[in-house]
Each structure stands twice: as C-alpha cells, then as structure tokens.
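Given below, in the form of structure tokens, are the structures.
In the two complexes that follow, subunit A is the common piece, with subunit B as its partner first and subunit C second.
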Partner chain A sequence: MNKVKQKDLILYSGLIILGLAAPYLFSAFKVQLTYLCVLIVLAMTWNLQGGEMGYNTFGNILFYGLGMYLTASVQVGMFFPLAEWTESGGEKTFVHTTAQYFQGICVGLLVSAIIPAIIAGAIGYAILGLRGHYFAICTLGLGIAAGEIAGGIEIIGAGQGFTTPPFPAEIVDTEARGKFFYFLSFALLVGTFIFVKYIYGSRFRLILNAIRDNEDKAEAMGIQTMKYKIVGWMCSAFFCGLAGGIMGGLIGYIDSTDVAFDGREMGVFMVLMAILGGKGTLWGPVIGATLFHFFKEGLWTLILGWQYVALGVLIVVIVVYFPEGLMGWLREKYPERFGEVIDEKDRKAQVELK
Partner chain B sequence: MNKIAKLFVTFISAITLALVSFTSSFAKVEGEYIVLGSAISLTGKYSSNGVHTQNGYNMAVERINKMGGVEVQGKKYKFEIIYYDDESNPKRAAQLAERLIKQDGVHYMLGPYSSGLTKAIAPVTEKYKIPMVEANGASRSLFTKGYKYLFAVLSPANQYLEVAIDLAVEKNGGKGVKIAQAFEQDAFSQDVRLGILDAAKRTGSEIIIDDKLPKELNDMAATLAKVKATKPDVLVVSGHTKGALTAIRQISEMKVDVPMLAMTHCDAAKLSKQHGKKSEFALCASQWHKNLSYKDKFFGSGKKYAKDFQKEFGYDPPYQSAESSAALLVFKDAFERANSFDRDAVRDALVDTEMQTFYGNIKFGPGGQNVAKPMILFQVRCKGDDCENRVVAPTKWASDKFYHPIPKWSERS
Partner chain C sequence: MDFLIFKAPMLMVQASLDGILLGILFALIAYGMALQWGVMNIINIAQGDLVILGGYIAYTIYLWGIHPAWGVIISPIIMFFVGWILYKLVINKVVDRDLFISILATFGIAIVFQQLMNFIFGADVVVAQSEYGTTMLFDNSVTLPNSKIFSAFISVLYAIALVIYMRKSKLGRAIRATAQNARAAKILGVDTEKVYAATFGINAALCGIAGALISITLTLHPYVGLPYTVRSFMIVIVAGLGNLPAVAVSGMGLGLFEEFADYILGTEFRIGAVFMLLVLILVYRRFKLSKKREYLK
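Moving on, here comes the complex of A and B:
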C-alpha cells in the first residue's frame, strides 16, 4: 500500500513539474496548452455527472458560458460603465490599468464560480427529477436557450459580441499574457483534479454510483438522492464557470452562440473526451481530453475542410470499438493491473465447459 | 495502479517528444517568399464567403508573383499564404491566429471573413504587433478600439444601407418613411442596423418592425408576416449570404408586397443567378462593382478583374473577392515603400497608404478603416430571364435609374 502511494507521489510531482515547466519548454504552444487544461477540466467535471452519476448532461456548457460573460462583465463593470463598453458604435475607448485588469479578473473569476453554482442548484432542483434521455434532452435545451437569450441582451453586447478587456499594455513582455492564462488554467486544473480525486475516495462518490446503478434502490436505502444530485451538479458548475471565465479572457472576444454557449463544439467535446478516455474513471477524462486535443491540433489542419468528417468518424470508432473508453478497454484487457483478481481455475473451468 | 501510472508517463513523454519535433517553425521571410498567414472559414456558416475571400487572396498572390513579385531592398520576393480553417468560429480563429504567429512564425496577417472573426483575431495581432490587412471585417467597433496594427480596405458596416434610407426618403418627397428591418444576430449585421437607426433619426423615419434573426438562419416567415400586415415603405434585411437567399425565397413564396427591399450580400449569394426574376428590384449594398472606373496595373479595370476571375474560378467575383485581392495589393505597396521587413516599418508604411486599385481608392483613417471609398448600391434588374446587378447609386457611377416602387406580385409576370 505504501509503495503504491510513493509511486503516486512520484507521478504527481512529475506531472506538476512538467505542467509548471511546460510554458517555458514549449513556449510557442502556450495557448494550446491552456486549451488543454480547460478541456481536461470540462471533461472531468462532465464525468461527475455523465460517468459517476449516470446523468448525461449537455447543460454544463451553460455554466461555462455564464462564467465567461460574468468574468468579463465584472472585469469591465467594476471600473467602467458596462453599457458604454459593449456599445459597438461607441467612440469611447476605455483602458484598464494593470492593477484594474488583475483586480477585475480576480473578482470576476470569483463571481463566475459562485453564480453558476447557485444557478446549477436552482435549475437542478427543477430538472434533476428527470431521468435518462429526458434529462439529456432537457439540458440540451438549456445551452441553446442561454445562447439565444444572451444574444438579445444589449448590455453584454447582444449579437455584436463582447470584447473582453485587452491585457494591460504596460506589461511589455508579449509572452506575459500567454503565461498568465496558462498558469491560471493550470492552477484550475490542479484544483479540479485534487477535488475530483478527493471525491473519488469519499462516500459521496459511492452515493453517485448508487444513483447511477439503481436510483430507486438507492432511495429505498434511505439516500436522499435529489440532494446529492444537486450538490454534484453544483460542484461541476463551480469549475465549469471558472473554466469559462479563463477562456473568455484568453479568447478576448465573446460571442453568444459561437464562443460562450458553444454547445455544438465545447458542449459535445466535453462528452466525447470523457467517453474517449473512459467515463467513470479518474484518469479517463484526463487521457481522453489530452488525446482528443492532440488529435484535433495535429490532424485538423492537415485535412483542411474535412475535419468535421474526421470527427464524425472518430465518434463512430469510439462508440463502436471503445464503448467503455480507453480506460475501460485497458481494464478489460489487463484486469489484473487494475487490481481485479481473476480466479484462473474458475476461468479455465468455464472454458472447458464449452 | 502503478501500471496505469507508467502508461500515463509513457504517454506524456511521447507527447513531449512530438511537441519538441513540432517546434521547428519557419520564418516570416523564407528564401524568396514573404509568408502571410490567414485563418479562413472553409467550413461552417461562413464557408461560401470564406471561399470567396480565399479565392480573392489566391488570385492576387498569383498575379503579383507572376508580374515580378515584391521588390524589397533590390531583391524580388514572392507572396505565400498559410491558410487554416477557422470553422466560422471566433474562438477557433483567435487560437489559429496565435498559432500562425507563434508556431508558423508569420509576421504579417491577412484578415478572416466576417466582423465577428476579425474581432476575435485583432486582439491577438495587436498584442504581438503583427500588421493585419483585412478585407472582410466591416463592423464599426473594430475601428473604435484604438487598434494600431489593423487596416481594413473596406468601408465600415454602418455605411452599408444608410444611403438606401436616404433614397427611400427622397422618393417619398423628403418625408420620413416607415422602416421594417430584420438583422441576423452577428457583429456585422448588427452594425448595419446601427447605421439604419442613425439614418432613421436623421431623416425622421419611423422603425415599425425591428426583428432579430438567428444565426444559421433559414426562416424569417414571422417577420414577413408582420411586414404583410403593417405595410412598411422599406424592408431592410441583413444576414450574410443565407439572409439574402432566405429573404428572397420567402418574400416570393409569401408574395410579400413592399415598395423597397434593401439587403446586403446579394452578389456573394449569387442572388440574380439563384433566384432569377424573383430577386428582381432588390436593392443591395456593395463595397465594389465591376463597372466602377477604378484602375491599377495588376488587374486593370474592374471588368478585366471580373473576366479573369470568372476564367479562374468559374463565377462572377462578388465584392468579397475583390476586396480580398485588394488587400494583397496594399501589402505589396506597403512592403515596397517600407523597403524593409521590419514589422513596425511595414506598419508605418501601411498608415501612409494612399493608392488606387481596381477595387477603389485606399487610404486608412485613424481607426484603420478605409476612408477613401464610398459604398455603392445596385439593383437586380432582369431582361427576360437574364438578371443582372445594375449600379444605381451614387449617381457618379450609376448605369441605371433606381426603379421604385417595386411592382406588386400580382402585377409581376
């Protein structure tokens, strides 16, 4: 037992060192690495519902988009009139000082974590009574509706989109912006991982699994399933909101349906990544997101114009050949490495029976 | 567990290796090539206009290279463009701009298609001080953010249809008109809307319908039903190519009678070819028309450009292609005047640009927009089944008189 822990320690410290060194080692890839961190966070939080609880949600994009708009709005609204900032014909140019920029983004991120969590609680209370396909369809509607609504709200730019505050010009180093957002997203990734790992060792996870495996039985055993479902979703929303806030600042321009409530891309990607890696596992979403991101960045520009066809093929291949994801496939292939004991005698006996 | 750990470590190291081998980037000027970068919408909702843009770029690159290329410090260079597909998505566009600059070592950028995507790319190019000449981002807000490295060869979006309102008022004997309008929820169309609001205020016109259309639009029946009921003097629609096609399709299906129909993107949508007589009398805002009398030594006149373009790509060039070609001419001119590959020198040369191209005069205002070129309006007119875009305003280039009002559907054959 101790030995395993030691190995874990080596693995984790190795990964953290790699993570911290990455923007210096691969300076040109900082933005892609930032995306990777955010994608992993989204896949891991989706996995809490889709993998552990058995509730396939397409609604997490709602919290991601909310986080994006909230961070940017707070960052601007703290110092300048928001309506004038987002007014496209406005001739005024507001410039954040360095201190204002960082104060704004800190408060903005705080808000973008808390409010989505509260909203998840409220929406969850209303719709987590739905099960199976009904829940999936309902959450699919959430993201789409949010995009359309945001596209009509003038104060956040409506259809014009929202240009987030530019990185302070007083910082001359052109690499600073990339590093700032990378470390922010890396910190988020580490935080999310620690949190999810903690959940994996807790009773909370067992309850989520019980809900997945048989919700009625879980309820019969005296578990207040609704309470746990809502808390689980609020946890996901908390981290999704933060991820959105960071992405908004990084992209620099928020569009209601294409960037913020981007259910067609991000919303689908987070599901796909978790399934690719193996839902219901700790490392599955991490590996899935990493593989997916490399597939996307590496291959997509080589097959210009055909990338979505390739994505379609990828989805089919994953579903047909790796329905349990990469981790599930490995587990089936090498069960003993996952700590499952196989009775050789029993296995042979079964073979002989044939 | 430790096996999984090992597996993961192997995986990470493989990625590390792959990344390191990827990092070999090439420079801004490689051998005899000046490398430009552009993220273009080859897929997604802007794919048809993205291709118009790309064709325009390619046509100019080929022409300039064939005619001797760009001369800097006595040496001849050729243009080369690295393209990526931004999937009509601002998030992807910003990421690709970063990639072009950081990984591919691009030092000069050409714009993407649409205002929204340009808005996403501009902060990136600005941060790295990369001069970007763009030909398809017309939103006014692009030019009020104080960007120093952004240059647009086109007139801002709010000017697109202002003239149309003036025309309507003029036909109404100088009195204000009733305007019905429907705009897609994107940066460009919303800016066109702001222009109309200004014009309405200025002329004392009243806006009786002000609808928003969704992105990826293919239905505007609700708006048209209201138009039928309220009988406005002008109907204004803007929503890129799909908006123009949808409007004509449903107006003709529902037989909506309106005295004046003003739109954008008629030529990009090949309206007169796709809908023929149904599209007759539609009034369209355009940055360019082949009949204008501008000239340059690379493409000759607009007519010559249209002919060459037709030969190369098999269709009449919409203004999106023409302005994209013009962007390359601007870059060539700036490189030669700067006589250097220093980004700031090139940027300063761009600021001083004052030239004529087949597409129009180009001179950049303080915000980076082109201030030397007016917008034009053309009207779709048909002879038999053969429909054409005829310039009706401004009067200097008008080949035809503006036909007003549009006859009722019951009277149209």
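Moving on, here comes the complex of A and C:
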C-alpha cells in the first residue's frame, strides 16, 4: 500500500512541477496551455454529472457563460458604470489601474463561482427531476436559451458583445498577461483535481453511482437522491463558473452565443472530451481533454474551414464506435491494472457458452 | 417592451393567423420526429438541419429557374435518399442503444450538415421568391402572404396522404408493427432493418417538404436548424407519440405562442422564448408527474 502511495506522490509532484514549468518551457504556447487547463476542468466537472451521476447534461455551458459574464461585469462594475462601458467601447475611456484590475478580477471570480452554484441549486430541484434524455434536451434548451437571452440584454452588450477590461498596461513585462492567466487556470485545475479526487474517495461518489445505476433503488435504500443530485450539480457549477471567468479574461471579448454560451463548441467539447477519455473515471477526462486539445490544435490549422466537419465526424465516430472511451478500452484490455480480478475458468466457460 | 398588440386588435388577428399557419408547418416536422422516435426510439437532433437541407434543395431549383413550389415534390424525393444513406451510415448503429448516444451522434451529424451547407450554399440568409402575392383581410389591416396559406395547405395534404399510406400500405403496416414490438415483428418476417431505413427516409422526406415550404415562406440559413429540432421535440412531448390530431393542435399552439412572443417580447427574444418554453414545459410535466411519484421517461 505504501509503495502505491509513493508512486502516486511521485506522479503528482512530477505533474505539478511540469505544470509550473510549462509556461517557461513552452512559452509560445501559454494561451493553448491555459485553454488546456480550462478544458480539463470542464471535462472533469462534466464527468461528475454525466459519468458518475448518469445525468448527461448539455447545460454546464450555462454556468460557464454565466461565470464569464459575471466576472467581467463585476470587474467593470466595481469601478465604472457598466452601461456606459458596454455602450461605446468603454475600455477606451475608462482605464483600470493595476490594483483595480486585480481587485476586480479577484472579486469577479469569487462572484462567478458562487452565483452559478446558487443558480444551480435554485433550478436544480426543477431540472434534475427529469431523467435520461429529457434531462439532456432540457439542459440543451437551457444553454441555448441563456445565450439567446443574453444576446438581447443591453447592459451586457447585447449582440455586439462585451469587451473585458484589458490587462493593465503598467505592467511592462509582455509575458505577464499570459503567465497570469496560465497560473490562474493551473491553480483552478489543481483545485478541481484535488476536489474531484476527494469526491472519488468519498461516500458521495458511491451515492452518485447508485443514482446512475438505479435511481429508484437508491431512493428505496433511503438515500435522498434529489439532495445529492443538487449538491453534485452545484459543485460542477462552481468550477464551471470559475473556468468561464478565467476564459473571459483570457479571450478579452465576450459574445453571447459564440464565446460565452457556446453550446456548439465548448458545450459539446466537454461532453466529447469526457467520453473520449472514459466516463466515470478520475483520469479519463484529463486524458481525453489533453488528447482532444492536441488533436484540435494540431488539426484545426491543417484543415482550415473543415474543422467543424471534422468535429462532427469525430463526435459520431467517438460516440458510435468508442462509447466506453480510452479508459474503458484499457480496462477491457488490462483489467488487472484496475484492480479487477478475473476468474479465468469463469471467462472460458462464458466464451464456450456463446 | 411595448404592448402594442393589446391596443390593436387587428395585430392580434394577424399574429393568430400567422401563428396557426406556421404551426401547421411545425406539426409536419414534428410528425416526422414522432415517427422515428416511436418506431426507432431515437431522438434526432439533426431533424432541423434536414429541414434546412430540404429548403436549400428547393432554393437550388429556384436558382435554376424552376418555380420553388416544385420543391415540395423534388425535395422530399432527394431527402428520402439522404435519409436512407444517413441511416445506413450512422443511425443503424445507434438504434438499439441508449437514447443519449443517439442524441450525441445526431448532434455530430447536425454539425457536419450545418458546416457542409455553409460551404455549399454560403452563410447568407436566403429566401426563394414564390411570387404568390398576398391576401388582404379586414380592410387591408391584416396581410397574409399566399405562400403561407399554400404551405399550410400542402402540409395538411401531405400529412393526410401519409396517414392513409401508413394505414393502407404494406410498408405502413410493417412500420406500425415494428413500432409496437420490433422483436415480434422480426419473428413474423418483417425485415426491421429495412423498415427502420424506410422510416428514417420518410422522416427525412417530411423534413424535405417542410424545408421546401420554409424556403418560400420564411428564410433559410445554415445555422437555424436547431430551433426546428427543439420545436418538433416540444410538440412531440406535449402531444405524445403517434397522436396526429394532438400533434397538429400543439403545433398550432406553438406557432401562436411564437408569434405572440415575437410581438410582446421583441424579435430578438423569439428563439430564446422557444427554448425557455421547452424548459418550462419539461419542468411543468416533471412537477405534474412527481405528484404521482412518477417521472418523465
């Protein structure tokens, strides 16, 4: 047992060192690395719903977009009138000082974590009562409705979009912006990973799995399923909101349907990454997101214009031929590695039966 | 937000007529959705994109100089084969699987379709001019494009034809038998694989008709497919599977809702209102069922 722990320790510390060193090693790819961190966070939190709880949601994009708008709005609204900012490109007239910028983004991220979680809790009782594909379609509708409605609200820029405060110009170091957002997202990634790993070792995960496998029986066993479903969704919303806030700051421009409530890209990516890696595993979404990101960044430029076709084909191929994901495939191939004991005799007997 | 509509009764009439005529069109798409859902147990997110593709076929023949109304005959024929091929390529592998798999797979198909249509037909909003003129009612205070009346008429015609076909023909009987019990149908000698392919083809053909009608009544754009999917999904869950009169009524109800939402909330919130209505309907049904300790499934 101790040996395993030691191995884990080496692995984790190695990863953290790699993560900390990454912006210096690959300084040209800081933005991509930040994306990667955010994608992993989104895939991991989606996995809590889709993989562990069995509630395949398209609606986590709602919290992501909300977080994006909230962070930017708070960051602006703390110091300047929000309406004027969005009306006429306020970033030209109002300039955040360095202190204001960082204060704003701190408070903004705090708000963008808490409010989506509260909203998830508030709508959770109504939405999580739906099951299976009704839940999937309902959350799909929620995400798109949010985008359409945000595109009609004047104070956050309506259809023109919302420019987030630019990084303070007083910081002369040109690398600083990239590094700042990278470390922010890396911290979020580490935090999310620790949290999800904690969940994986807890009774909470077993309850979520019970809900996935048979909700009626779980209820009959005396588990208040609704309570746990809502808490699970709130956890996802918390981290999705944070991820959205960071992403908004990084992109620098928020559009209602193309950046924030981007069901066509982010909303599908998170599902796809989790499925690619393997639903219901700790490492699956991490691996899936990494692979997907490399694939995307590598191929996107090669097949310019055709990337959405490739994406659609990829979705179909993964979903139809590869629904268990990479971890599922590995598990099939090397069950011993996953702590599963297989009775050879039993397996042979089953093969003969066929 | 101004409530002009409550001050001018004629606007109300206008919105109602528009809504009902539009709703009949939605009901046609929803009927295809109900058909494949009931028979094959898949939810097709690409439904709306099939509609738009059908519309673009009609638009293409319009560009060639043929009157776009012929699209209601040509487009379903082409779309039937598109549906058939789509079934053979992808759908037949998701029929027996979890519904979520079919949702995701058809979502992927939808993305491919959108992008291909964007390449082929361009990202502009297009409309095929039918030049049917307009009918003026009530002292010219209500204007009704004849193309809308034409589209509602054609929709009803096709729906009736399809119902008769499903009742009388051999394939129709096979489809209904497969919907009731696929295994039993298989045992009794129905080639279910073929039935599924035909069902999906018929669904795509219905989408083709609807698309051709949309190309002359509304506008076409590669990315507006999803709202049609959601509308048909909504109509089906309100009406239930295989209940054609209810599909027609709830289609018209949805059309009315949309037109009124358009007037009251403003056009920019129209699609948002449709999606919110979907959420509200689902939540309403969830609470109604939870009183009986049941759930939507």
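Everything below uses one rule, namely that the second predicted complex is superposed on the first by the 342 of 354 C-alpha atoms of A that agree within 3 Å, B and C clash if a C-alpha of one lies under 4 Å from a C-alpha of the other, contacts with A are read in each partner's own complex, and residues count from 1 in each chain.
To be clear about the criterion, a residue touches a chain if its C-beta (ideal position, glycine included) is under 8 Å from a C-beta of that chain, and two chains touch if they have at least 3 such contacts.
Since the model is a prediction, treat every value here as computed from it, not as a measurement.
Participant: Thinking of the overlay built on chain A, is A:161 touched by subunit B (first), by subunit C (second), by both, or by neither?
Facilitator: first
Participant: Please indicate which partner A:191 is in contact with in the superposed arrangement: first for subunit B, second for subunit C, both, or neither.
Facilitator: A:191 sits against neither subunit B nor subunit C.
Participant: Check whether A:138 is in contact with subunit B, with subunit C, with both or with neither, and answer first, second, both or neither.
Facilitator: After superposition on chain A, A:138 lies in contact with subunit C alone.
Participant: Quick one: subunit B or subunit C, who's touching more of subunit A?
Facilitator: B
Participant: So in the superposed three-chain picture, is A:308 touching just subunit B, just subunit C, both, or none of them (first/second/both/neither)?
Facilitator: Touch partners of A:308: subunit B and subunit C.
Participant: Touching A:259 in the superposition: subunit B (first), subunit C (second), both, neither?
Facilitator: So A:259 only meets subunit B here.
Participant: Between subunit B and subunit C, whom does A:11 touch in the aligned arrangement: first, second, both, or neither?
Facilitator: Only subunit B; A:11 stays clear of subunit C.
Participant: Just subunit B (first), just subunit C (second), both, or neither: which does A:35 touch?
Facilitator: first
Participant: For A:151, decide between first (touching subunit B), second (touching subunit C), both and neither.
Facilitator: Both partners, subunit B and subunit C.
Participant: Between subunit B (first) and subunit C (second), which does A:251 come into contact with in this model arrangement: first, second, both, or neither?
Facilitator: Only subunit B; A:251 stays clear of subunit C.
Participant: For subunit A, which residues lie in the overlap of the subunit B contacts and the subunit C contacts?
Facilitator: Of subunit A, residues 148, 151-152, 158-159, 305, 308 contact subunit B in one complex and subunit C in the other.
Participant: Note which residues of subunit A are touching subunit C in the complex, please.
Facilitator: Within the complex, subunit A contacts subunit C at residues 56, 126-127, 129-134, 136-138, 140-142, 144-145, 148-149, 151-152, 158-159, 264, 268, 271, 275, 305-306, 308-309, 311-316, 319-321, 323.
Participant: In their complex, what parts of subunit B are in touch with subunit A?
Facilitator: 1-5, 7-9, 11-12, 15-16, 18-20, 22-23, 25, 42-43, 83-85, 87-91, 94-95, 98-99, 102-103, 116, 119-120, 123-124, 126-129, 139-141, 144-146, 158, 183-187, 189-191, 194, 212, 214-215
Participant: In their shared complex, at which residues does subunit A touch subunit B?
Facilitator: Its residues touching subunit B are 4, 7-8, 11, 14-15, 18, 25-32, 35, 88-93, 95, 148, 151-152, 158-161, 163, 166-167, 174, 177, 247, 250-253, 255-259, 262, 265, 283, 287, 290, 294, 298, 300-301, 304-305, 307-308, 330, 334, 337-339.
Participant: For a test of understanding, state which residues of subunit C touch subunit A in their complex under the given definition.
Facilitator: Counting only subunit C, the residues touching subunit A are 43, 90, 93-94, 97, 99-101, 103-105, 107-116, 119, 226, 230, 233, 237, 266, 268-269, 271-272, 275-276, 278-279, 282-283, 286-287, 290, 295-297.
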